[in-house]
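Next come two complexes built around chain A: one with chain B, the other with chain C.
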Partner chain A sequence: MHKFLIRSFVSSLVLLFTLTVAAIAKDVKAAFVYIGPTGDHGWTYQHDVGRKAVEAAGFKTTYVEGVPESADAERVLRQLANSGHDIIFTTSFGYMNPTNKVAKEFPNVKFEHATGYKREHPNVSTYAARFYEGRTILGTIAGTMTKSNVIGYVASFPIPEVIRGINSFTLAAQKVNPNIKTKIVWAFTWYDPGKEAEAAKALIDQGADVIAQHTDSTAIVQMAEKAGVYAFGQASDMDKFAPKAVLTSVENNWGPYYVDRVKAVANGTWNQKDTWHGIGDGMVVISGLDSQMPGDLQAKVKKLQADLASGKVHSFTGPIYDQKGNLMVAEGKTADDGMLAGMMTYVKGVEGDIPK
Partner chain B sequence: MIIDINFIGLIIASIMASAVPLILASCGELITERSGVLNLGVEGMMIIGAISGFALMTVTGSLIIAIFGAMLAGVLISTIFAFLTQTLITNHVATGLALTIFGIGISAMIGKNFVGIPGKEFPVLFEGLKNTIPLLGPILFGHSIVFYFAFALPFITSYFLKKTKIGLIVRAVGDSPESASNQGINVRLVRYACILYGGAMSGLAGAYLSMIYTPQWIENMTGGRGWIALALVVFSTWNPIKILIGAMIFGGLTIIQFHMQAIGVRIPVQFLTALPYIVTIIVLVVISRDSRKIRLSTPSSLGKSFHKDN
Partner chain C sequence: MIKIVKRDQPSRAIFFLTPVLAIFLTLVAGGLIFYILGFKPFEALKFFFIVPIADKYGFSELLLKATPLCLIAIGLSFCFKSNNWNIGAEGQLTFGAIVSGGVALLFYEQEGFYILPIVILAGAIGGMLYASIPAILKTYFNTNEILVSLMLVYVSKLILDYLVVGPWSNPEGFNFPETRQFSDSAKLPLLFEGLRIHAGIFLALAAVVISWFVFYKTYLGFQMKVSGFSLKTAKYAGYKGKKMIILVFLISGACAGLAGVGEITGPIGQLHREISPDYGFTAIIVAFLGRLHPVGIIFASLVVAITYLGAETAQIFMQIPKYTGQVFQGMILFFLLASDYLLFFKFKFIGSKK
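The block that comes next holds the complex of A and B.
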């Protein structure tokens, strides 16, 4: 009897200990709010890859997909905050106001809003990736590989993020090939494979022999493969969809940041931040370079990648002129983050107008 | 900007390719509606066809199994609709909407394992003849079998409805199920068959998208084309040839507006993107002004449940 008591006492101690350890390590629950389905193989898919990294690090996660950027977002956020989540990632620009509104009601829950700029309460952080750095690399490749000097660009919506990408891409392409023209087609969708393919086809029919995209599906690289022109993967490595067409892809890599932030909540070191990471911090990743690219171009790209990472090269280094020839960035200067965040004018060399 | 004759041929060919899913789904829905059943589940049946086709192609590796499997999947899901509306006499509109929501949901669920897998190349016919005739070469040759079927379908449908006995029965059931029933026609059976046929065509339209047009699976990839197909049926006043015209105008303007953007035409892009919707409706309204003909081709008991007392 005595022995039994001791044994049960010891085992309950062990159990208690395990539970406490488990509680310390696993107690933090993270939630993710997605604009699209996790099956889009683009924007939301990559966020979900990041969520899985958090899960792999030993934390519990929840996600809600296909949440409209409306009052519905507030309801979803409130629900998640109410149900014991400690940190909530809202992964689309349009969640900016709902995130800040709900954050006020739940001061003990941490909120992380992607691609936004409002941090109205101490428990709201924002984060984004410098995708334009990746587009500097794509532009360099496109400008070198094009033979027709016409580069097609399928764009989604006229917002600073997309305009910045077009500009960064065009500036880099012009640097290696002053004769290129960037033709933009607005698809007005983030993903609709049919429409994206049609937009790419139109550009190819008009003589573009390299196609870049700022929409999410793999339809464009497949269309490029069919037509025998070059293309670049968006958000994830799209090489297997079009092995001949895809020269490289720019990948969104959210995992390290997510794990970092959830760990910070677990350790009690979370603080409000505005994060804008690029190639240097590994949030923007360049996939393997295709062997069709000549060796000297590959070497150039590798060097550019290293220089962008170290900050030696900036995507927006002056002199930069807008379409009308007005100076945007003076010689020797680089565009500051404020200018980049609100960029709504094309640089010289881009054809057409920004839809208003 | 090069405007040569082959360039125009290429544009027309891409317009026709984009019209294929609309023609298939619309012609299927047309038969369903001519039998008096309004099935708003086209989008749902299409997306089920898209995932079934893609999944079967990936798993079995056989394109034939995949294409027929997609049609069968369309048939199966429309059987649910048929059972509910014809046997349990539920409301057509509500059941059809539910079918769409169900289709989108279940396709996403099945599709989870098929995201990020590249599709297979679908064989095209007469590829070698493409450059033999200027202008017509790219239009006539080098397309998939589904493409040719889609462009024959409106004419087959028109012939079927006007000239065959079964076509007459379908129309009779759609116009006056009571009289048809009194003539000894099994109204429920005819309507079942028409619903299932509509499902098969929607399934094929979906498979065309996921296997031929943009060979990949992503959620919601039909992107509202089912709704456009439904609208085409109504605006064409249940005339298969006008469906063909409407689908070509819609597909055509979608593609031409991209070309206009690429050329740099200074028209607001938002207007250009709205253009296909506006012009398709206007054209179809204008070509279907004859109210006598509309009355003739409109199934008069469309969407009304038929309950046989016996």
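The block that comes next holds the complex of A and C.
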């Protein structure tokens, strides 16, 4: 009897403790600031999928969608920091300065800024995905599937992120098909279905039979479907929007990172860092492969995916030459992260100049 | 039975009451929409219209938001009063911001009391230059100013895009589409520690006072009024129509340009692609809601500003989609135009004594 009492007392203490810890953990509130509507089926949509993963892990979340990168961003951030949110994810490059500004005023709130490079205060982290690894896969598929040897690429802004994607894509395509050329159209937008469709049309008219994109809407794959050419989904699995055109998609998978970071806040282990995850960490995911792709290509893609994940293959392995034929990366070497982060030159095989 | 009869003269009382009626109807319809969406209507309205301005910070944000709207709407009222349909204030704002931002960048990392006045003046001049295009085309080539001014909005945004992506982009900024941060001497001073409200509000207040004086105390104001009622009368009276058209466009452009200056040298502090969440278009609603009267415009800019803030608060606290803010702006304009019917018509009960 005595023993039983002690045991039940101890076990209830343990239970109480775990419950309290759990209760504290559950009290962490995360907020997300989105540039677009959650229904864009691209960039914002995928961040919201990540937010739902945080909810599923038992945390409370809040989001504000369609926050312009104007003076309004700062107010939204301050309001979120003021209303009891412990960690705030700002999911567009243009929030960089407001994020750092508000972070200074709220040292107890953690800020996570996607795709930026400024971490001016100890409570600001940055994170991004190695999308270029996904583009190595797309380039391999495009180089194999093209018949005209002209590949179209709708690009958004001439920033290192996008240039890196174009290069990684082109290098992979050249590896399987040395005759290909990548034609670029700059849409100067991240999300504008009208402009994106026009850009895709222009590329198709110039003989491109595979279209890749670095903008966020589904307009390009739909245009490709209409014109009977191949395309790749961006950010989310876009197969259902263009079942014939889409060969595969590169998905942004933010959920694991978000859950990880929110949990770190709950455990008190959050620290400032700059995260850049790729296929290996599951931040970049390749959707299912279309049955129009021949079996040996599918096997090749699967293997490449595994090798990129393990680090056996690097997207930027030398020799790599720029458009003028100058050596960028020597044979047997790989480009380091510093070079990738500042990449502002095209590799050989890309047509045209980077807009200045 | 009720019969609808045309009024002999538009009712003056109703002229100033319809905006109030429009706001009231918007609240009712908004509550109804919240109810249909499954939210408690009164709670939602509280989060939309009261919570955002319940503290000092919120109120200062309201003034911050209302400042550009008021400034642009005052400028637009010069145009609208005299039958000139300037729809391109957003473009004039953008171009003003480009010119003043360019000047601010010239003074990068320089200090001096003279910098800010030059930056502000540059913005006003930029707005005027941009507004002069539709004005000159209208007076000398008889083009439609609605189309020209509207289309120029898109041109101005493309110019801004080009500059921040290319020649003016921050050399240390990895080619991201934004300029360097302006130096402190090129920025409007903040009025209170910890709040974002800046000296730009005095520009808006000055515009209110000056416009009131011009509208009601000067010959120009009278000419504008006459031209607004009837262009033929104005011509018959021998007014110099062309001169006036250009003048009102210049005033309007200067105001929009100054609003642009207020944004970039105030809360933003640099040039990038999104300097205005369409203030230039929203200000058209503000101008009409304020009945083109300077005092009315002050109130209207506050009402419309709160729809922006309320939408954010409602999403944060009640998960109401933020885009309802735009629905509210649309409803205000809709109900205002609809209730304007009462200006010119009245209901008469047939069977009752005359």
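Criterion: the second predicted complex is superposed on the first by the 331 of 356 C-alpha atoms of A that agree within 3 Å, B and C clash if a C-alpha of one lies under 4 Å from a C-alpha of the other, contacts with A are read in each partner's own complex, and residues count from 1 in each chain.
By our rule, a contact is a pair of C-beta atoms (placed from the backbone, for glycine too) under 8 Å apart; a residue touches a chain by one contact, two chains touch by 3 or more.
This one's a predicted model, so the numbers in the text were calculated from it and none came from an experiment.
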TODO: Quick one: on chain A, after the overlay, do chain B and chain C clash, or do they fit? Just give me the call.
DONE: clash
Task: Partner chain(s) touched by A:160 [first = chain B, second = chain C, both, neither] - done: second
Open item on the list: Going by the contact rule set out at the top, does A:219 touch chain B (first), chain C (second), both, or neither?
Closed with: first
- [ ] Have a look at where A:355 lands relative to chain B and chain C in the superposition and call it first, second, both or neither.
- [x] both
TODO: Would you sort A:188 into first (chain B), second (chain C), both or neither based on which partner it touches?
DONE: both
- [ ] Considering only touches as defined above, state whether A:152 meets chain B (first), chain C (second), both or neither.
- [x] first
Open item on the list: Quick check on the superposed pair: does A:45 touch chain B, chain C, both, or neither? Answer first, second, both or neither.
Closed with: first
- [ ] Report for A:37: first if it touches chain B alone, second if chain C alone, otherwise both or neither.
- [x] both
Task: Per-residue contact with chain A, leading partner among chain C and chain B - done: B
Open item on the list: For A:201 in the superposed arrangement: first (chain B), second (chain C), both or neither?
Closed with: first
TODO: For chain B, sort through 23-31, 77-85 or 131-139 and name the stretch that clashes with chain C after the overlay.
DONE: 77-85
Task: Common ground on chain A, meaning residues reached by chain C in one complex and by chain B in the other - done: 37, 188, 355-356
Open item on the list: Applying the document's contact rule, which stretches of chain A touch chain B when the two form their complex?
Closed with: 36-42, 45, 152, 183-189, 191-199, 201-203, 205-208, 217-219, 222-223, 236, 240-242, 351-353, 355-356
Task: For the chain A and chain C complex, residues of the former touching the latter - done: 31, 37, 62-72, 74-76, 78-80, 82-83, 93-94, 97, 117, 157-160, 188, 341-342, 344, 355-356
Task: Contact footprint of chain A on chain C as seen in their complex - done: 57, 61, 64, 161, 165-167, 174-178, 181, 196, 263, 266-270, 272-277, 308-309, 312-313, 315-317, 319, 321-323
- [ ] Please name which positions on chain B make contact with chain A in the complex.
- [x] 1-2, 7, 10-11, 14, 18, 21, 108, 111-112, 115-116, 118-119, 209, 213-221, 223, 225, 254-255, 258-259, 261-264, 266, 268-270, 273
